[in-house]
Structures are given as structure tokens and as C-alpha cells.
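Once you scroll down, you'll see the structures, which are given as C-alpha cells.
Presented sequentially are two complexes of chain A, the first with chain B as partner and the second with chain C.
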Partner chain A sequence: MTHRTKMNVEFVALLAAFALFLSTVEYMIPKPIPFMRIGLANLPLIIGLGVLTYREYFLLALLKVIGQGLISGTLFSYIGLFSLGGTLASSTVMLLLFIVFKEKISLLGISIAGATASNVVQIELARLVLFGSAARFIAPPFLIAGLITSILLGLFANRFVTTSTWYKKHKESSL
Partner chain B sequence: MKKNNIRLLFGIAILPALFFQNNITALFLQTLYAIFLALSSGRKFKLLPNLILLVGLSLAHLLQPNGLLLFTLGSFPITLGSLILGSHKAFLLISLIYLSQYMVSSRPTFPGKLGALISMQLFYFGQISLTWSTIVPKKPFIGAIDKLLFQLEEPSHDYKETFLSKDEKILPKVIHLILFWTLFSLGKVFANWPL
Partner chain C sequence: MNHLRLLDALIFIIALIIIALSFIAFGELGGRPEVHVRSAGKEWVYDLSVDAFATFEGPVGKTTVQIKDNKVRVVDSDCKNKVCIAAGWVSRPGQWIICLPNDVFVLIEGSSVEEDVDDTSY
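Moving on, here comes the complex of A and B:
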């Protein structure tokens, strides 16, 4: 994490817009199941760990939820609630792991932990809002799909931070 | 009051008419009306996700038998109460999705610093969508993303505040509001009809 005293709001807004762009890219990718998500929009949250302050990081998470809700129109529906719960859970877990383990954990591990936290919270919300006790039947496929997509996203994030010159520039300026 | 926020405010006034609706027939009609509102504001309707939600929720509620036994599938009881509960929840959720789509279709503006940040985010989103199409080649993908992000940080892409203010008419929104609450009242009057 970075320790700037003044918040770089333009940079946060740019990353939040990038998350929106990735979620529209994901929307265009055909999926075998209508509700399945790859979670591409979480990439800015994963790479943001190395270049944002705590406040900027949570602001990015909040902007991602509101922006996605506004673009897809689901901000005031149960989907908005699921998105808020999942994003807050995953960003908190990813940030904690990044702070505690620093260089000892890869972005792959962080991505898997974040996705698991998000999915657990969303299954709990599904139990409370949608399915009741029957939510236990959707939990296994949901968690397995989340594990697979988070591995792919984590591998991509690892590759991004090692090869991107844009990331390198911001990482150096944040030190 | 900003014109962009009129749909949002009318949508908020409609929400209780959906939340407190007990009659499933009236709720079904309200759901159709919410879909009509979303379609009229330029949104699309997809049947499959809604059907999956309806069937999935009804099946999930059948696991907890409730009310009149209609028939059994092997030893699995199909009860009327469970079917009504599941479909009631599904109609409520579907109507909320489409009402939400209608509410945000005029790009509402939020107050304060957060509102300014959301405007900035949407500005950059528009810039990304425009710039991405001009980036050639797109392989390697990370190289293309780098190019995109560097271009957006150039001074020519500095944030300029823009407001979308459509000509919003109040009368149709008042009619929508009255119709939703009329359906709500009918649901109360005919509480036990037909289900």
C-alpha cells in the first residue's frame, strides 16, 4: 500500500472507469450459464493494492459498485446489494492479506481469497434474500466456478504487474 | 431539483407499492409495467434470465412444503403455498431490476464529492470506450491496455464536467406513479382473488 497524504481522485476515477470498461468486455463474452461471472472488473482492485492508499482503495471499491449499478441499471435492485456485499468482502480480505503477508503472497493467492470471500457473502445473501435454506444446493457449483475464474484472473494480474510499463511507472511514483 | 434525478425520485416513490404488495396477480401486473417502463427508456428485455430466476426460486421454495398439496412427484410434494411464495419473490425481484433500470436511465447525479467522483468516473469510461477502438494492434493484450491507460493520462483527456440533461416531462411519471399505486390498491381490495 502507498502512503500519500493527498488523495489522487483522478487516478481512482480512472481505475474505476477501467473496471467499468472491463465489466462491459465481460458482458460481451458468451457464458455457459446466464448468472456466471468471470470477475474481470476486479482486476483494477487487485492491481490497485500496490499503487493506492487505503482510502483510495475503498473508494475505488465503492465507485466500482456504483458505476456498475448505474451502467447496468441494477443499482437499486437485489443485484446491486449482491455486488456491494461481494465487493466489500473481497476488497477487505484482499487488502488485509496484502498488508499482513506483503511479498509472501502472490496476486494469484490474493485473487482466490478475494473471490472466495465475495462468493461466501453472496451465498449468504442469496440464503437471506432469495433461496432460504435451499441456497446450500447452489453453493458448491458457485464456489467451484469462482475458484476457477479467480485463478485465471490472479494469473493475469500477476502477469500484468510484471509486464505493464504503465503499472511500473505508477508503482515507482508511489514508493 | 436536477432534471436527471426526476426518474430516480419517482422510482423511489413507486418502490413501496412493490414491496408491500401481497397479491401475486397485482404484483405480476406491476412487474409487466416495470418491464414496460425499462423498455420505454431504452433498456432491453431478456426472457431467459428472468425465467431462470422464476423457475429457480419456485423450485427452491418447493423444498419447504407449504399449504395445499397439489400433487406429488414420486415422494416429492408440490404445494401451492410454496409455488406462490417462490413466484411472489421472483416477480418482486424482477420488477425491482427493471424499475432500477428505469430509475438510472436518465443518469442521475449524486450530491457532494462522491457525486463529482462518479461523474469523473463516467467521463473516463466514455473516454476509454472511445480510445480503445483506436488502439491497434490489440495483441499483446497487456501492451494494448498500457497504451490505452497512458493515452488517458495525457492532458488532452483531462476531466471536463458534462451534464446530460434530457427534457424530462413530469406528467407521464405522475401517471406511472398513479398506476403503480392503483395496482397496489387493487391488490389490497382483492386480497384473496384469484390467489
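Moving on, here comes the complex of A and C:
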């Protein structure tokens, strides 16, 4: 997390646009349950950890939910609620892990933790709102899919933050 | 930041544990099988694993249901056709016995302990 008084609106907007684009890509991929997500749009949130303040970070999370809702047309439905709950859970968990453990954890662990938190919250919401106790039927495939995709995203994010000159430039200018 | 750390492995293990827990929850499909008996607008619930003997009053008389060794049957009924008695023992969730004349409905609910093939084809 970085500290600065003035919000870097342009950078948040850039990452939000990136999330919007990835939501579009993800929307094309067929899924058995509508709110089951691969989590591509979480990539900006993972990468943004090192270069955003916590206010900018949650703004980005909120923009991601709205963007995803707009793309899939589920903004004002229960799926939008699941999306909001999952994203808030994952972004909070990822942010806390990043702040507390700093150098002791890599983006891989953060990605896995975020995806797991998101899925647990979504399954719980599905249990409360939609399926009742039958929600346990979707739990294992949800969690396993989330684990696999979050590992891939985490590995990618790890590689991205070490090799990208664009990221390095922003990290230096954000300090 | 760039290398994988111990905490990454720890979080991976926690995620695996949560997945394992979800599988355990998945397996508990309603817990132990129960015997539901509906008669005269009321419903009684028995544990399939506890042996029991019960008699229900219906329009034509008495229907006696027995639970033994995780199976349930109608032992005796005052109805004319005795179809319910002829149905014999049932043991798997979803199976049922009904005595229409005496308005007694016996149904097993809950998870199947062992998975069976629904049908066999030759």
C-alpha cells in the first residue's frame, strides 16, 4: 500500500478499464452457473495492491463490480449482490494480507486467499438468498475452480510485477 | 514479493482444507435416513436405524409399521387389498409404501448410504 493525499484518479480509472475489459473476455467463456467466475477481472485488483492507496483500492473494487454488472447485465439482480459480496470479501482479505505480511507473502498466496474468500462468501450468499441448504452442491466445484484459476492468476501477477516496466514506473511514481 | 513464500504454501493448504470441508458438507445430504409416516393429516418421523413398531389409525382401521435393521415395512393393515403388506421391506431413501384405503403413507427421506445403480440393462 502506498500513501498519498491526492487520489490518483487516472491510474484507478486505467485499472478499472482493464477490469472492465477482462470482464468482457470472461463473459464470453461459457459457465455452468451465471455467478461462477474465473476471476480474470481480479487481476487489476491483485496488481493494484502495490501501487494504490487503500481508498483507491476499494474504489477500484467497487468499479470492478459495477463494470462486471454492466457487462453481464446483472448489476441489479441477485447475481450483482453475489458479485458485490464476493469482491468486497476478496479485496478486503487481499488488502489485509498485503498490509500485514508485506514481503512475507507473494501475490500467489494473496490471489488464492482472495478467490477462496470470494467463493466462500458467494456460496454463503447463495445459501441464504437462493438455494437454501442445496448450496452445498455447488460448493466443491466452485472452490476447486477458484483455486485453479487463482493459482494461474497469482503466478501471472507475480511475474507481471517483477518484469513489467510499466508497473515499475507506476510503482516508483506512486511512492 | 517475486518469490514464493512460506505463507503462500500455508494459504494454499488452507484453501485445500476449505475444499475438503465443502466435500464433507456435500456428503451430508440431510444426515441420517428418516422414515416419514403421514397419516390422518399428521406426520411422524422415525430414525431408520432405530428399530420401532408403530400403529396408525386410518379410515378403515389400523395399519402397523415396523422398522428393523434399517428397513421398514407394513406388518399388518385392516385394508382389503393388503397391497401395503405385499410391498414388503423398503430401505433406500426415496422409496415408499402407501396404504391408500387406510390413508397411511410411509416414505424414507435422507441420503443414500451407498450409491446404487438405478436400473440395470441387459
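In this text, the second predicted complex is superposed on the first by the 167 of 175 C-alpha atoms of A that agree within 3 Å, B and C clash if a C-alpha of one lies under 4 Å from a C-alpha of the other, contacts with A are read in each partner's own complex, and residues count from 1 in each chain.
By our rule, a residue touches a chain if its C-beta (ideal position, glycine included) is under 8 Å from a C-beta of that chain, and two chains touch if they have at least 3 such contacts.
This structure is a prediction, so every number in the text was calculated from the model and none was measured.
In the overlay built on the shared chain, the residue A:16 is in contact with chain B alone; chain C does not reach it.
In the superposed pair of complexes, A:38 makes contact with neither chain B nor chain C.
Using the contact criterion defined above for the overlaid structures, shared-chain residue A:46 touches neither chain B nor chain C, since it reaches no partner. For chain A, the partner with contacts to more residues, out of chain B and chain C, is B. By the touch criterion defined above, A:120 lies against chain C but remains apart from chain B after alignment on the C-alpha atoms of chain A. When the two complexes are overlaid on their common chain A, residue A:61 makes contact with neither chain B nor chain C.
When the shared chain is aligned, no partner comes close enough to touch A:89: not chain B, not chain C. Of the two partner chains placed by superposition, A:157 touches none, neither chain B nor chain C.
Once both structures are placed on chain A, chain A residues 137 are touched by chain B and, in the other complex, by chain C.
Contact residues of chain C toward chain A in the complex are 1-12, 14-16, 18-19, 22-23, 25-26, 28. Note for the complex: chain A touches chain B at residues 9-10, 12-14, 16-18, 20-21, 24, 34-35, 59, 62-63, 66-67, 69-80, 130-135, 137, 159-160, 163-166. The touching residues of chain B, counted against chain A in their complex, run 11, 15, 38, 43, 48-49, 52, 56-57, 59-61, 63-64, 89, 93, 96-97, 99-105, 107-108, 114, 117-118, 120-125, 127-129, 132, 142, 145-146, 149-150, 152-153, 159. The part of chain A that touches chain C in the complex is made up of residues 50, 97, 101, 103-110, 112-113, 115-116, 120, 123, 136-137, 139-140, 142-144, 147, 151, 158, 161-162.
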